[in-house]
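Note that chain A is present in both complexes that follow, paired respectively with chain B and with chain C.
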Partner chain A sequence: MTAAEKAPLLKLEGITKTFGPMMANDRINLALYGGEVLALLGENGAGKSTLMNIIYGIYHPDAGRILLRGKEVRISSPRDALHLGIGMVHQHFMLIGRYNAVENICLIDRSRAFSYFDKKKVRASLEALKEQYGIEVDLNCPVEQLGISMQQKIEILKLLYTGADILILDEPTAVLLPQECEALFSIIRNMTGQGKGVIFISHKLDEVLSISDRVDVLSHGRVCGHMKTAEADKNQIVHMMSGENLQDLASFEKKSPSREVVFACEGVEAYDDRRAKTLEGVSLKVHKGEIVGIAGVEGNGQNELAEVLSGVRKAHAGKLTIQGTELSTKNPESFIRQGIGYIPADRNTVGTVPDFPLYENWLLRKLHFPGKYGLIDQKALQREAGRAMEEFDVRATGFWARSANLSGGNLQKFILARELRKNPRLLICSYPTRGLDVKASYFVRSQIVAAKEQGAGVILFSGDLEELFSISDRIVVLNHGQVVGEKLPEESSQEEIILMMMGEKA
Partner chain B sequence: MKSIQKLLILLLSVAAAMLIGSLLILASGANPLEAYYYMVIRPLTSVNSLGEVSMYFTPLLLVGIGVSFAFHARLSNLGGEGQILFGALGMTLMGISPVGDVLGIFSLPVGCLLGILFGILWAAIAGFLRVRFKTSEIVVTLMLNYIAQQIISYLVFFPLRSGAEPQSEKIACALPKLSSSSRINWGVVVALLLTVAYGVIMKKTRFGFRLRTLGGSEKAAVYSGVPVGRYYFAAMAISGAFCGLAGAMQISGNTMRLMEGVAGDFGFSGIVVAMLGSLHPVGLVIASLFMAVLSAGSVTMQVKTGIPTSFTSVLEALIVLFILLGMALSSRRGKHRKGGKA
Partner chain C sequence: MEGATLFNTVFLTALFSSGVRQSVPLIFGSVGDCVSEKSGVMGISLEGEMLFGAFFSYFFALQSGSLWFGVLMGAAAGMVSSMLVAAWSVWLRQDQSIIGIMFNIFAAGFTNFLNRMIFGTSNANISIETFQPIPLPLLSKIPVVGEIFFHQNILTYLAVLLAVLTFLVMRKMKLGLQIAAVGENPKAAQACGISVYRYRILCYLFCGCMAGIAGASLTLGTVGTFTEAISAGRGFICLAIVILARWNPLIAVAAGFGFGSIQALQIRLQVQGSALPYQFFVALPYLITVLVLVLAGHNIRAPRELGVPFERESR
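And then the complex of A and B:
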């Protein structure tokens, strides 16, 4: 019996939700059957999160019906949703770091304070669930000591424990490595094999095509495409999502960089915030007009390296030079003065101050501001920010908008505009397209490529191997705070880089 | 939209606090309308009583500005009282020493500077510990208050004592008066000018911008090349400077002698001013005026209705509680709305 012949597990009819003048969901119809994976695709702001929050009881629809196993239900809180067998794994995990998996799950088990936890019983049923769905995770270790993929598994286990048979996974692979994704996919297959329905939200097309049975595409709050994965075609989906063709989005011309070294570091050592040594002698050279991609499993020193190279973190040892001038991490401002631009991985609290209006955020990491007698000329500042926002297509209600209210893509464009307007000699980009949709990612990449063509050296940290291959001139692999190898993208493959990331010397 | 919401929270907080206050007045057997009349309206009706209001207004505004500097960097200076006491000590030392006679009319500004310096010194302890050892400035500034109180007590009981009362000699340099018919003096003008300076610094200078960046997100400040430690220290020191000046003016414009309790409640009331004025220069002026009127009026109220002056502290505390409650509630609603756009 195929999935489509059964009655749907969950059915949405005409779901509409507005926020002020914005229509987040516009008469959305959707059906999820038991035993299938329904992928939900869409750009940022297409209305995916809103729709999921409606199903999960965080928002109430203005109109429309939710039918669960054929019966209309009203879901007014996440607790209701859990009762009805709907569970959601959020992008940010809802776990208490000091507790282990069993304790975390005990927390949701009973709502009364001072009730008695039967940890043994919970543990036994978790063990059974682990077995049943092939989930391998340590139940005894405090979750803060576990990796992100393990925490995700605990979240899934938590939902299975509550008996959820509709599971919503919100961009579950964004934080995972390629091989960890495989493990997750096999868990998902085990779940659908036992009749559960899974809604899988993602930006990554390849993943969607490999895991889902059907695909729904959302755009501007509406379902604009609806297909079986087996019959779907990548180009067609991208076109539906954004109205652009895949070819335009993926290809970048590569010009050979010059021989002139613009930036070099030698034997850089540094500690992370917990005072553990994370960089153990990193040496790098960046030429004029070259993009050096840095690949590595998350937590192998990329963040610290990006921070040291941009002057934000103190180096414990090593030498940094920009076109022959030596830099000291004791003086962060000198990095800015020497023309080093930095796009930090965290755009919300590092790249901008969330409570500042955009024109004030325009002043961050700037040494000069418009004005006389040491007083900032607000009008001139606003004009300057406004012009750049127009040029970089930053969509906001104006330069008065607080940066906390901008979407990820627009905020990233804003930060990019700020750094590129200074014509940096070296641009350091840390995960510049993380969490951005296809179109915004393309824009960011093309701006980085444009900066390189104008002669800037670029260091690109990225977790997206496709991105690294498509725009870098050279890929350097980092493992345990050391450079373990260097490859030219045209002479290497993603598989080879992954092996190097795992620590195999090239 | 955002600032209107904020204003609404502030006004509602004051209203709610006064409402609960009137229940307390009723409970103690007086008429709330009458009590509030003496507390809020009466002080504004005569030049003489306005002069009394100014005695509260100047220190409240100065401490309010000082606390605001710290708040901008997301530091809490609860040590206003100690810093005021030390500022007062600075002024007294100048005012009673023979050096004052030599300096003549310059002894007043020099005394103020000495008071500022003493205030900075006292606040800098907390600033230094915060930057160097990451100790909570909240606890340190609070504890330093008690130390300052004991030091001042010792000084007025022993080395600086003159006469039967535990207080210092009368100082030689007084703040000149603005009008002969009331106690109002030039301190008010200085405080208002400093409020303007405060507004310009915060909004229009690189220093103010960086300080606000630090308060908005420390990581963004680091990213922006701000020497974070130095700015935390500076915020604390400036905070202390304003409190120190408030102390110096308290001596030279009000009590004329160093004594215990010369700092009054200004250290904590200044925090209320900063919050009620939501760190905005105009807001600070309005908030200090409001609080000053309450404090000045409470004396008349006590005489006329029997409600003790400490009732103002109850009102202040209620206002702070309601502001915090309002801010917490509105930010929670804000978060929900933001989630909707994602």
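And then the complex of A and C:
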């Protein structure tokens, strides 16, 4: 019994949605059957999230029909969607930070507003669901104190609690470690086993191939291909998504760095936001034209190290020198003055101010601006930003677009342009390709490599080992705020690095 | 010595009994604002709505001869006037502080205008008989405490009752959970199928209704007439009370009683006759409000999206 022989659970016909002049969805047709995982692939900004938000009733389509089990339905709000049995895990979780899991999930159930909030009953049914689907979460702790993978499990539990049989997972693995992904997949398999239909959105091809039954590819707001996963191959999918070949997007030439030390830090110690000591004496050297990759399990001091080295966080102890001159850690300005570029992990709120237009964001982390007598020459500033955006292929409606409205890939290119235009001596990149699609990731990596070839030293923090191996000249492993070892990528393997990340000394 | 006679039981009983009376409008107002702020909308316009409630409750009570009809109309006036603010700040997503302040200025002028148009410029408005104290059976027999708390008019009991009911709804019912969710993270609330606009507007109307009753409790509960700017900043003290009470209606009752007592003390100090000009005593409660907020106002976590307009299809 194959899925295709049954009637579809959900069918979309000719869904169209525009945002101003931008066509986000263009006459999209799609079908989802019970008991299958349909993977939806596409570059950033291809229209996947828009389409899912339409199914979930957050956006309203300009044209098109939605059929549920053969009957046409109108979904004008998430409330309607939930009543029809459609549930969604959003890319950015929809949880109330102060509430615990029980309270969060209670919000979504169908009991009346003027009814006693029966914690015990909800908790009991959640315990049963946990058992049934093998989900391990803490129901009592406020969710803001839980890790991201835990929060995601609560989101999934929430969907199961509503009894939804159409489940939309919008990039659920973007925030997970490899082991956590496996746990998620087994939950998904449990759900399809119960006859539920799952729409799975991801950028990571390997995952898509291992979990899905069918694949639909979106490009520029249109469906440009569908296939059975069994018959699909990676190259074909990448070509459909971006019109490029996979091989061209994965290989980099490596030029060996010079002997000259451009940046060094010694015995750096620092505290995190909760005042716990997370860096315990880190020493590091970066040569001219070298990419130093930093590997480590999330939470072992990478974020703090990136912030200390870029001047954002004060070091408690230690010495930083750039080409022999000691850096004053008093204020971040001196770091910028000394030519240290920084690409923060959080591009949406640290890298840019979401409500500023792009040309105003262009001014951030800049010591000089065009203009006279302390007045900003807006025109020149806009020209400058516009030119760089063209050069770095930042796709937006213009330099006046609010940065909040850019997709992740385009925003990251914009930040990269801003830092690289200053020809930094040292570039600190913190998770630069997290959440980006294959093509945008390639672009970002190639720009980092180009900066290195022009003589900059680069420190690259990344959770993606393939990325670390493909572009870094040296990989340094961090564990519990200490450097536990250092390897050359051509003399090591991913397995060895993972063992070091777990704390085994090399 | 004057000081020796000042703080005897008779004086204290009278003082705190007056404190309870003074606290009634503060309790109505702050309980209303607790709910509205929990949903993410600041009740800056509380002061103006209180004025509308005070004027119309007096006007209708005078016309109809029924105090209860007056209270009802006061509540309605508060609610109708809050509709304007709600539409502006929730629906049209304008800045809540600015709208609130503009509305307060408008309300002060407009109620003055109505007052003079209807009752003329003479300061001696026609007084009406206010709500009389109702001693509660048994409880009012307790020495001192009975006299202070259980020998009050019906609006006082109503204020406490509404505070307790509001507390129960906010803590024990799903509605309360939903309202707080709207103020914490409206996007997530929306994803849970809650209509953010509807909840915010209804909460704000509730706040306006309570502000209207607060105004009525001034004219029909204590003063017996309407005078210009009768609310005298009580709406703003309510906002301070809500912060001090950490958005908990029951603590708001206690805080309201505290501020009411300071007000009562201030009036007595004025009458005592002292070298200080009387304006000093009038300013005292507000000075204390500021001081208390500075001293006790740390470590407070407001609803996360308080005062931030919500856009439905935002990205």
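Going forward, the second predicted complex is superposed on the first by the 489 of 506 C-alpha atoms of A that agree within 3 Å, B and C clash if a C-alpha of one lies under 4 Å from a C-alpha of the other, contacts with A are read in each partner's own complex, and residues count from 1 in each chain.
In this text, a contact is a pair of C-beta atoms (placed from the backbone, for glycine too) under 8 Å apart; a residue touches a chain by one contact, two chains touch by 3 or more.
A quick note: this is a predicted structure, and the numbers were derived from the prediction, not measured.
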item	value
Combined model on chain A: chain C and chain B, fit or clash	clash
First, second, both or neither for A:404, with chain B first and chain C second	both
Which partner, chain B or chain C, touches more chain A residues	B
First, second, both or neither for A:7, with chain B first and chain C second	neither
Partner chain in contact with A:317 - chain B first, chain C second, else both or neither	neither
First, second, both or neither for A:124, with chain B first and chain C second	neither
Chain B versus chain C as contact partner of A:106, first or second or both or neither	second
Touching partner for A:59 - first (chain B), second (chain C), both, neither	both
Candidates 6-14, 42-50, 60-68 or 96-104 of chain C: the single one with C-alpha clashes against chain B	96-104
Intersection of the chain A residues that touch chain B with those that touch chain C	58-59, 404-405
Chain A - residues contacting chain B, complex	19, 22, 24, 44-45, 49-50, 53, 58-59, 311-312, 332-333, 335-336, 342, 344, 346, 349-356, 360, 363-365, 367, 369, 371, 374-376, 378, 402, 404-405, 407
Footprint of chain C on chain A - complex, ascending	56, 58-59, 77-79, 81-83, 88, 90, 93-99, 103, 106-108, 111-117, 404-405
Parts of chain B lying in touch with chain A, wherever the complex brings them together	2, 200, 203-206, 209, 212-213, 216-217, 219-220, 222-225, 227, 337-342
Residues on chain C engaged by chain A in the complex (per definition of touch)	169, 172-178, 180-181, 184-185, 187-195, 304, 312-313, 315
